[in-house]
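Next come two complexes, and both contain chain A; in the first it sits with chain B, in the second with chain C.
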Partner chain A sequence: MYSEAELIGRCLKNEPKAQAQFYKLFAPKMYGVCFRFAKNKMEADDILQEGFIKVFFNLKSYRGDGALEGWVRRTIVNTAINYYKRNLKYQNDLEIEKADTMHSADNGILDTISVNDLINLIHELPVGYRMVFNLNVIEGYTHKEIAEILNISENTSKSQLSRARQSLQAKVNKLNTIVY
Partner chain B sequence: MNQGYKNIDDLFRNEFKDFELDPPEHVWENVKNSIPGSGTNNSFYRFRYGGIIGLSSILILAGLFSFMDFSKTTDVNTNAVTLNSAIEVTNSQVQEPETGASDRENVAIVDFTNDVLESSEEVQTQTVETNKNILEIENSISGNSDTENNLITKNTSPANDLNATVSSFIPDTDSESENEDNLLAMADGTEHMLVTSLPGTHESNVKSSEFNENQSDGSVENDMNPSEPSAPEFKSDYGKKGNIMLGLSFTPEITFFPSDNKLTNQSYSVDGSVIYKFSGYLLQSGVGVQFASDDGNYKVDYQKFLGTYEDVYNVTFDTTASGVVPVYHTQTVEVYDSISRVTLTPTKNKYTYLQIPILFGYGEDYKRISWFVKGGPSVAILINEGQPSVNFDSGNNRVLNYENELPARINTNWSFVFSAGVGYKLGNHISITLEPTMRFYMKSAYERNVVTTKHPYSLGIRTGLLFGF
Partner chain C sequence: MDEGFNNIEDLLKGTLDGYKKQPSPKVWKAVSLKLFFRSSLFYASVFILLVGIGTGSYFYFSVNNTIQEVNANSDILLKPTNETDQLVSESNTLKETFESGNEEQIITNNTKLKDKIENNEKISEVPPASEVLAKTQINKYPGLPGLNSDDNINPMTTIYPPFTYGMVNTLPEYLNLTSAYSGFNIVPKDDYGRLEASFALGAFITPELIFLNDEDNSKKSAINIDVTGVYGNNLFFEAGIGVSISEDDGKYDIKYSQYDSIGYFYQVNSFKIDPASGQPVFKTTLEGLYDTVNYNTSETVNNYYTYLRIPVYAGYKIREFKRLSIFLKAGGIYSILVKSIEPGIDYTNDNATDIVIEDETPNRIHSYFKLSASLGLSYRLSNSFDLSVEPVYNYYMQPVYERRLTNKATWSIGLRFGLLYKIK
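Right, the complex of A and B next:
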C-alpha cells in the first residue's frame, strides 16, 4: 500500500498497480455519490467510469491544496452534472406529486429507514429535483452556485429544492406508515 | 415544518456521509482500458494490423519495381541477341575467301573502327589478316575495359555503340575459328552478362564519356598489355555486398487531428539515420528528436477581492482604577465575492520526443538522381515536457484553482511512417534528399482522446544529406 503522495506520484507515472490501488481506494465511495445523482445503476456505472477516466487524466492538476478525496469527489460530481446536462433534452420530468403531509417525521422513526430506502426515494425524484437536492443538501453547494452550474435561476433552484424536500418528506412518511 | 425539512436534510446527509457501494468489475475494466498504463488499449492489435498492412504495401511496391526492372532487362537482352546475330553474320562474311562482297563488308567494318586502322587498302588486299587485325585492334580497344566497361573510343559515329559493344564481346584470339566459337559462346552467355551489368550501366556510361573527353587527340590509347587476355569485366550492383550510408535530416511536420481540428499543430524534428542498402532494398533506422508545441489556455478560477474588516476574535477585560475596561482583540479579515469568476490566460506547452524508426524500402539510382520508397513503424517517447506557469496577475483576488485546458500528451506513441523521395548526388559520397513523409499514428497523442476511431496523421517534408561509404 502506498501513501497518498506516493500513490499520486506513481499514478502520474501510469503505474498499473498504483492506478488499481487508487481506484480501489476511492471507487466505493464515489460509486455511492454516482448512485445518488444517477437515475439507475447503469447511469451510475457510466458516470463512475467517465469520472475516473477524468480523474486519472487530470491528476496532474491536483495541487495538494485540499484533501485528495475531496478533489476526486468534486471531479465525480462535475462529471455527474455534465452527464445530467448532456442528457437533459432526453429527460422528461414528471410532475412531482404534492406532499401528502407537511408534518415533520419523528427522529426515531427516521433512524429506522435504511440507506437503500433513501436511495430509492432519491431515484424516484424527477431529475431536476434530484440534482438540486444532491448538490445543495448533500454536497453543500449554494443556490447561487447551483444556478450557475445548471444554468437556472436561483429561485428555480430554491423552489426545486423545496419541492424535492416536500416530496421526500411525503415519501418518508409513507414509508413510515408501511414500517409500522 | 422547517424542523421537518431540517430532519429530512439531516437524514439524507447523515446516511450518505459514508455511503459506499461496490462498483461492478466492468467499470474498472473499462477505466483501465481507457487510461495509459493499465490498459492494453488495443494499441498492440492496431499496431499489428497497421504493421501488416504497411509491410505488405512495401513488399508489393518492391515486387512491382522488381518486375519493372526485369521487363527492362528482357528488352535489352532481345537487342543483345539481335546484335550478336549481326556479329555472326559479319564474321561469316569476313571468313569468305576474297570476294567483292566480303571485301566491302570488311571495309565497312574497318570504317566502323576508323581512326584505328592505318590503311583501308591494306585491308582490302589481306582479307583474313585484316580480320585478325580488326580483332586485335578491337581487342586492344577492349583492353581498356579493365578501367571501365569497354566503351572507350573517340568514335562519334552512331556505330560507336555497336563497335564498342562488339569489341567488348570479342575475346583476344588469333584464330578465326576460335574467334567464331568465342563469339557464339559469348552469345550464349550474353543474357547473363547483360543482366548482371544492367544496374551499373549509367555509371559506366558517365565514366566512359568522361574518359572520351580526355582523349583530345582522337587516338585510342591502350597502355594495357596486348597479350593479356581481355576478358570483359562487368561491374554489377546486383547481389553485391550491401553498402552503408549515414544521413542527417530535418523534417517540418504538420499533425492533423480529425477528432478535433483545434489540436492541429506543427513540429520539427532532427534525426540521424543509418541506411543499409542491399540489391536495391534498404533498411533504415536511427534516432531523432522532435520538438512540438501546443497553444492553449489556462482556466483560472478566482474570487474578486471586495475589502477587509476587523474581526473581533477575543475580548478581555482589564481592571483599571477607573473600572473594568474591555480589550478587543481583532484580526483583519479579507472579504471576497462568493461568486467565483473564470478567466482564460494563454499558454504554450512544449514537448520533446525521442523518435526511433525502423524503415524498410526500395530504391534505384539513375546517374545523379535516385528515388526510393520506404515505410515502417516508429516509436516516439516523450522525454521532456515544458508547461509554463500560469501568467495571471491576481492582484488582491483569490485564485481558487487553475487548470491547463490543454490535454496532456501520452508518453509513448507508435506511428507508421511512409515516405517516397528523391535524391541528388552532389558528389561521389554525398547526396541531398527530399522526402515527403506521411505519418499515421496508432492513437491520439493526447490523453483525452483515448476513445476514438479517428487517428491523427501528419504530413512533412524530410530534407537531408546522405553520406555514402
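Right, the complex of A and C next:
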C-alpha cells in the first residue's frame, strides 16, 4: 500500500498497480455519489467510468491544497452534472398535485426506511428534481451555484427543489401506507 | 410540514452522504483499458507497428523495382569465364564453410566473394546464364509459381540481404536466408520475366452481427457494402470505400399520471351495541379509493444508422489448390456517421395527464475505428473473376455510443462475400 503522496506520484507516472489501488480506495464511495445522481445502475457505471478517467487524466492539476477525496468527489460530481446536461433532451414539467400529496411525514416512519428505499426515492424523482436536490441538499451547493452550473435561473432551481421535496414527501407517505 | 421536509432532508443527507456501494468490476476494466490507450506503452506499440509496416513496405517495393530493372536489361548476360567458374567454386566452398558453422570464415569469404562479384560486373561476351547458374543449387522459391524457372534470376543484380550476398542458392534450404527473405518478394514473374502482380476491383457485401457487450448483452445487426481495390498477389493490399447500415433500439421512458383506483375501504355508516355481547356492530359499505397515480413505462423503436466506411487491409495468400486459395487478412476500418433515422414515438392515452417522454436512446458516436481480421477462401471463376468468402472478426476501438462507455469492448462477426475483377 502506498501513501497518498506516493500513490499520486505513481499514478502520474501511469503505473497500473498504483492506478488500481487509487481506484479501489475511492471507487465505492464515488459509486455511491454516482448512484444518487444516476437514474439506474447502468448510468451510475457510466458516470463512474467517465469520472475516474477524468480523475486520472487531470490528477496533475491536483495541487494538494485540499483533501484528495474532496477533489475526486468534485470531479465525479462535475462528471455527473455534465452527463445530465448532455442527456437533457426534454424539459421535465411534471406538476406535483399538491392537494393530494402534501402531508408531513410521521417522524417514526423515517426511522423504518432503509438506505435502499431512500435511494429508490431519489431514483424515482424526475431527473431535473433529482439533480437540484442532490446538488443542494447532499452536496451543499447554493441555488446561485446550481443556477450557474445547470444554466437555469435561481428561481427555477428553488422551484425544482421545492417540487422535489413535495415529491419525496408524497413518496414517503406512500411508503408509510405500505408499511402499515 | 417544514419539519417533515427537514426530517427527510436530514435523513437523506445523513444516510447518503457517506453512502458506499461496490461498483461492478467491469468499470475498472474499462477505465484501465482507457488508461492503457493513453499510456506511453500504447504509443510505443503503435510506433513499433508503424516502423514494422514501413520497413516491410520498403523492402517489398525495393525488391520489386529491382526485378523490373533486371527484366529491362535482360540482354546483359554473364560470360562463362575462368573468373566465373572460380566464383562458383568459391561459392561452393562457402557453402561447405557455412555447413561447418565457422561464422568468421563465412563473413571473410562472403566479403571476398562480394568484391569479386562486383569486379566482374562489366563482362562483354554473351553466354547463356543458365550454364552458370546450373552449376549452383537453385532455390525453387516455394509459394511463388512464377519463379519456378530460374532463368530470369540474375544473382549479380538481384538484391539480397547483406549477410547472404553472394551466397544465394548455395546453402542448404534450412540455412538459406534468401529463402526466408523471399517472403518480401511477393510479386512473382512468369517464364518471360513479366511481373504477375495483379490489380483487381472488388465489390463486397457483409452481413454483420454486433455484440455490444452492454448489461443486456445486446446484439445488433448491420449490413456493409464495400467497393475496394486489391493490389498484389501472394501478399496483397486492399483499400476502398463503403457504407454500413446498422439497426439499434431507440429507447423512450414515458411518465404519465392517471386518476386510477388504488384500492378500497369499508365505510362505517352506523353502528349499534349488541345487547348480548356488549360489543359494537358496524354497518359498512365497500367504497373504492381513487387517486392520481404516477405511471412509468418504456417503449422501444427501431432506429437505423448509416456510416461511411473506409476499409484498409493487408493480406497474405497462404495456400493455393488449383482454383481455390486460402488467405489471411488484417486491417482497420474507419467509420463516419452520415445519417441517422430515429422515428421517435407518439404516446397516446386518453386518461393520462402530464405525459413526459424522455429519450433514453444513447447517442451514436460520430466516428470510430475498428480492427478487422479474416480468414478467407477465394475461388477463381475465370481468368478475370474471383469469388471470395471471408468470415470476419471486428474489434471496435471505440464504443459505438457517445456516452455509453461500455465496460467491455464491442466486437462483431460477419461473413464477407465478394466478387473480384482482375484488371491485369
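Going forward, the second predicted complex is superposed on the first by the 166 of 180 C-alpha atoms of A that agree within 3 Å, B and C clash if a C-alpha of one lies under 4 Å from a C-alpha of the other, contacts with A are read in each partner's own complex, and residues count from 1 in each chain.
We take it that contacts are C-beta pairs under 8 Å (C-beta built on N, C-alpha and C of every residue); 3 or more make two chains touch, one makes a residue touch a chain.
Quick caveat: nothing in here was measured; it's all calculated off a predicted structure.
Contact with chain C, but none with chain B, is seen for A:42 once the two complexes are overlaid on the shared chain. In the superposition on chain A, A:126 makes contact with chain C only, while chain B stays out of contact range. In the superposed model, A:1 makes contact with neither chain B nor chain C.
Of the two partner chains placed by the overlay, only chain B lies in contact with A:142; chain C stays clear of it. In the superposition on chain A, A:86 makes contact with chain C only, while chain B stays out of contact range.
Of the two partners, chain B and chain C, it is C that touches more residues of chain A.
According to the touch criterion, the shared surface of chain A, contacted by chain B in one complex and chain C in the other, consists of residues 14, 16, 19-20, 23, 27-29, 31-32, 35-36, 45, 48-49, 52-53, 56-57, 102-105, 107, 110, 113, 115, 118, 122, 137-138, 165, 168-169, 172.
Within the complex formed with chain B, the residues of chain A that make contact are 13-16, 19-20, 23, 27-29, 31-32, 35-36, 45, 48-49, 52-53, 56-58, 60-61, 102-105, 107, 110, 113, 115, 118, 122, 133, 137-138, 142, 144, 148, 165, 168-169, 172.
On the side of chain A, the complex with chain C involves touching residues 14, 16, 19-20, 23, 27-29, 31-33, 35-36, 41-42, 44-46, 48-50, 52-53, 56-57, 83, 86-87, 89-90, 92-95, 97, 100, 102-105, 107, 110, 113, 115, 118-119, 121-122, 126-127, 137-138, 165, 168-169, 172. Within the complex, the chain C residues that touch chain A are 1, 3-5, 7-9, 11-13, 15-24, 26-28, 30-32, 34-36, 38-40, 214-215, 255, 257, 291-292, 354, 356-359, 402-405, 407. The part of chain B that touches chain A in the complex is made up of residues 1, 3-5, 7-9, 11-13, 15-16, 18-24, 26-28, 30-32, 34-38, 338-339, 403-404, 407-408, 411, 447-448, 450.
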